[in-house]
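Shared between the two complexes below is chain A, which pairs with chain B and chain C, respectively.
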Partner chain A sequence: MSTSVAIKPPGEPAAAKERTRLTGFMPLIALAALIAALTIADPDFLTQRSLTAAARTAAPLIVLAAGATLVVLCGGIDLSIAALASLSTVFLALWIPNLGGLATPAVILVAATIGVVQGAAHVLLRIPSFIVTLGGMSILSAVALVVSGAGTVRVVDDSSVQWLDLYVAGYVPMSVVVAVIVVALIAVVLKVTPLQSWISATGYSESAARLAGTPVDLVKIGAFAVSGACAGLAAVMLVSRQFSGGPTMADNLLLPAVAAIVVGGTAITGGHGSVWRSLAGALVVTLLRVGLPIVGVPSAYEQILYGAIIVVAVALTLDKSKVSIIK
Partner chain B sequence: MSALEVRGLVKHYPGVKALDGVDLVVRPNEVLGLAGENGAGKSTLLKALVGLVTPDKGQILVRGESVKLRNVVDAANHGIGMVFQEQSLVPNLTAAENIVLGSEGAGVRRGIYRWDVMRRLAQEQLDKIGSHIDPLARTDSLTFAERQMVEIAKVLRIEQRSQHPPVIILDEPTSVLESKEIETLFAQIRRLREFASVVFVSHRLDEVLDVCDRVTVLRGGQSVGEVATAGAVPRELHRMMIGSTGSDDHYHENAATPVASDQPRLSVRGLSGKSFRDVDLDVAAGEILAIVGVHGSGREDVCRALFGAEPTTAGEIRMDGTKIDLPSTRAACAAGIGYVPAERKTEGMVGSMSVAENMTLAKQKARLTGPFVAPKKQAGLVDSWIERLSIRTPRRDTAIGRLSGGNQQKVVLARWLVGGDVRLLLLDHPTRGLDIGARSEVYRLMRELASSGVATVLLADSLEEAIGMADRILVMADGRVATEVPCPNGDKPSPLDLVKEMV
Partner chain C sequence: MSFRDAGPPVALIVIFGLFAVLSPQFRSLTNVQNIVDSAAVLAVVTCGITFVLMMGSIDLSAAGVMGASALTVSLLVANNRNDNDFGFLAIVAAVLLGCVFGGLSGLALVLLKVPSFMATLGVSAVGLGVATLMFAGVQPNISDTMLESWAVERFLGFSYLAWIAAACILLGWLIQRYTRLGRYAYAIGGAEEVLTLSGVKVKPYKVAVFVFAGAFYGLGGVMVTSQLGAGLVQAGNGYDFSAITAAVVGGTLLTGGRGGVLHSAVGVLLVMVLTNGLVQIGVSPYWQGGVEGVIVVAAVAAAVIPQRRRNQVVK
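And then the complex of A and B:
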């Protein structure tokens, strides 16, 4: 550090710095608090069996949320992820008999391409991402219905996706390991390349980013591509568990994925957040879904608790000092 | 007794002392001018006078009585009204509706507009200023000048609220007007003096001297002097505004180096776009070219077009003799062009990101090893520029939004320098909103860059700044280059010379 930087401006006391550091851990703290609460409600909850089950359920959600987080960080939103994942399960189920193991990369590639198309439509035609992906959601759902003949497509020989259903070290579901690897990969790539700066700048202030020569359009299209690819991977995980593909199989994951992103503390307005936060958010959301019935919360109260906890969690995890406007 | 008096007004903003004990006296039936550079505290003072800003300390006295102004209505009740810089009329309402808006009185009965009464009330106001505008004309069908008359008529409604002669504040009323309209406005101001006091604020010192009886000069949030306008000259006023200390070389003219102009660094021929046509310009390496022009002259768009941020329809741009295309800002960056936008907070910087990230945003290569960010390289680079430009920041990873305006602007400038490859800098109002000290540092930096061979296009904040900094001045009017004025050290043109060409 140079000598000229010693002057401390007002308004940044040590306490504020401490608080900033703490908010970074808030998603983890929220997760720990939730596990503790569930354990207190039912001491049997903290068993290997229920944790393993919860983790397996969480894997597709983690991947979906992580991919869509990039779009949110750029200041947009991808509402098509669940519909795209559903369509991808259909494609996968249809292609496995012919392509075998190659069906998995093929589906991920196709899903990424669909993401690119949506991103390009958003950027080039200057349509809000909300609208583009809302339309995309509808189109992809319809395509899935047509392609699947409006029914479940069974996978008779699922050996090519069976590996995702294995357990690492006997307890940890392979799908969870893959999900964490995907999150780590995205996080590391962002961290060690200019992408982190570009994505944040685009999300915080697109015009400032553009005037600094940031390739804003490419960054956004790239984010949609990753979001699409993640939807494809989530589809592979779903097929490996259910031995089939279905035109609405992943549809009910859209709102949990969005909830996971915001519960993690990523700002829905863009700029501030990370895929790690979405990982924690996805675990919180899944634990609520799976855990509340396990510990014996009556189903009528389950939705109330779910809603209330999500709202409180966002209040805890969102770092308001980084986000000037709350929309 | 004074109509309005301000004693020792103090207002702090985080990191800035906007007002530092301002004193001001407005006498009955006089036109008081308020002069001061950007950041001198003019707008904060005006806002305090109409209740938009609550001062931390000090007193506001209306006819000798201390008052607390909590909002615009409070101020209006005390007879103080302001015509805002950005026009505050609702465009899709009639002039009459706008005039009585918020003070409808008898114009509304049982929640229903009474058009005949409204029209009469509005006409009364318009008559006061002798205007012939049809009260039932839609506001967006009126010219700028007419709208301003409507605003003045509207402000005069405050007479109904207090039984005393009003104080009317005009904040930069001439900035959007043409010279003939300005004459009309001035006639109007002289008319207002018959029954009111007027506070007049303008960037153009010649106007201030023309229309005011007396001028109070603000600097650094304090009142530094008072000038009776009879016989005063702009030069004198300007000296007071920028202060005697260092005023002799405020623009660091001694540091200006002669321009070697054998081949232009930037050469533009026939550039046309939405708001400009057939623009030709040359800038040599090490030269500072200022472009001046009134609002709507198209100079901002030319500047943005040179950075690939505004589409062009025709023309040729050459850098060091090579023809270049600028389809995007990215292409401009790659060509060694840097741009400092006028709106620092929304376009120049990303407030939530750190000093280091903002500084390396445009020239990522400077902090990379291969395709990867090299943290040590970045730290060394950023720290060295923090030191070279004496940027005051606690740490390199402090959010830039926490810095003062001047330091933020230095980071934004540094953004183009860290790559070491910038050949042309486009500076759009680089000193907007900065205090005197910070401005002076930006000027010094501009001189340094020029002497290192960087070509600069400057859209100055004021004519004085353009004249002080430029080697050559291009005057633009109505989207075209009107004329070119050489501006060498020791033979600078006067602001009046330029104003003639601008309108």
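And then the complex of A and C:
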């Protein structure tokens, strides 16, 4: 993270480094602590069956969070991912009878295109990303309601998305494998191309990145496209599990996805973070979700926990040297 | 009144005229009463959010706060779940709960330095969680005569709720115009740095604005409970976004420092006339959210056009 050192104010490099190292391990420590706590609370937790179930729940969340992480790394936010995933489940359920196996790539492509449109609106009209995607969220939900007639769309013949329900080597759910591959793919593509430094530069200091010749606008639109495509893929996973699509099916995944990103340690101010962190964050959030009933806490506390997590995690990871005035 | 400020009222008159020509049901007196009555809750919520937007912050917590206050009031007035019958005190308690949630958002912003949209997203989730806990699987139906009368009884043709909303708008306008809180909210949005350099401690005022906004959401939750006759977790569903839409359409800038309660009141009427009119001419009510989404993006885009060249960095 040599770029981060350059913008840190002089005088406290040691403290800053210590802090970065600590927040870097935060998600892994939380993950280990959670697994340990849950195993103590319920020794049956560390069995293959419950771990597989937890991993299957985590898969769509991992994909959603990984995609949106790119937007956060650029310094923006994508609040439309859950609504876009809901709309995509409806599209997929409606298209499978006609397109069969082609429905999956078609849905991902459409979702990516919607991402591009939102990114372009953000960049060209100079509207803050959270307001574009908040508006997008509302529009996409409306489209989903109208297209589906405000009801669940059943998938009678789900043979084309059934492959996601298979198990690799008998134990590992295919959806989890796909999720990890997606995260790895994004990470590798960023690493071997100049994209990583372009995204970091955009997130750390957009005006400096622009002066240095980074195609900031294209990078941002690209980030929204990946975010959209990931929402589409998450929708495919949801449909394969639920055998239906619904206009509000994925709506309750927005908070967990945002929580996963910030718990992973990706700074909401942009620049600092990675998709791997969001993978760890998504696992933490999923464990909390499946773990609360095990410890005997009513699931109503889940929402309160997400709220608290988001605020605390953002407070811990925020790069305070960068912004003097916080709105 | 400048040309900019004249835009939303003119748009309101034009749109109203357009629908009146297109649909005979729309121009009936009952429908106009209907529009005003159904605008009441949104007007109160928008009043609160306007102060936050004037500071240049944003508030996504309305849905959660309204859910929590709806459950609080319905469990404290006469209801089918317990023997409470606190009447007016229950409403005060619900509004105070709204203040507490607003205070949490404000403190997270000034002490933890969490950007307001994240802080309020978190507080909204907490509010929904608290509401779910209080709901406990059994819907509390209210039987308090005063609260029920708010939505049913009429005075001069409009429901009590509409008059409460009008009183809130008046109160909001007075506070915005004549108190330090209102003036500083403007100044924080316009030039926070200058204000800080002038020796003003802005942090307490920021928290105060969020507390103040929370009180309006709390009252909004009470009003929804009066309409539904029951306390629901989803009482505030969609109001957060509708309120932002109404405020922005009315001419309040998201960057802060412009607009106000009266602008927002016009914005609320614009949104309600538009959604009601579209339903009257046969558009599916499911499109309502879509229409709001389009107008919020369009209104924000139109507002930033003058500064397009200057503002290169937009997050």
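To be clear about the criterion, the second predicted complex is superposed on the first by the 270 of 327 C-alpha atoms of A that agree within 3 Å, B and C clash if a C-alpha of one lies under 4 Å from a C-alpha of the other, contacts with A are read in each partner's own complex, and residues count from 1 in each chain.
The rule is simple: a contact is a pair of C-beta atoms (placed from the backbone, for glycine too) under 8 Å apart; a residue touches a chain by one contact, two chains touch by 3 or more.
If you're wondering where the values come from, they're calculated on a predicted model, not measured in any experiment.
Of the two partner chains, neither chain B nor chain C is touched by A:Asp42.
Residue contacts after overlaying the shared chain place A:Leu125 against chain C, while chain B stays out of touching range. When the shared chain is aligned, chain B comes close enough to touch A:Pro215, but chain C does not. When the two complexes are superposed, the chain touching more residues of chain A, out of chain B and chain C, is C.
Applying the stated contact rule after C-alpha superposition, one finds that A:Gly271 touches chain B and leaves chain C untouched. Look at A:Ser207: by the touch rule set out above, it reaches both chain B and chain C. By the touch criterion defined above, A:Val192 reaches chain B but does not reach chain C. Look at A:Asp165: by the touch rule set out above, it reaches neither chain B nor chain C. In the superposition on chain A, no contact is made by A:Asp251 with either chain B or chain C. In the superposition on chain A, the residues of chain A contacted by chain B and by chain C overlap at 207, 210, 323-324. Against chain A, the residues of chain C that register as touching in their complex are 55-58, 60, 64, 108-109, 112-119, 121-130, 132-133, 192-193, 241, 244, 254, 256, 284, 286-294, 296-297, 300-301, 304, 308, 311-315.
Those residues of chain A that touch chain B in the shared complex are 1-5, 7-12, 191-194, 197, 200-201, 204-205, 207-215, 271-272, 322-324.
Touching chain C in their complex are the following residues of chain A: 75-77, 121-122, 125-132, 134-139, 141-143, 145-146, 150, 206-207, 210, 255, 258, 262, 268, 270, 298, 300-312, 314-315, 318, 320, 323-327. Taken together, the chain B residues at the contact with chain A in this complex read 14-15, 307, 309, 329-330, 332-334, 339, 341, 346-353, 357, 360-362, 364, 368, 371-373, 383-384, 386-387, 390-396, 398-399, 402-404, 415.
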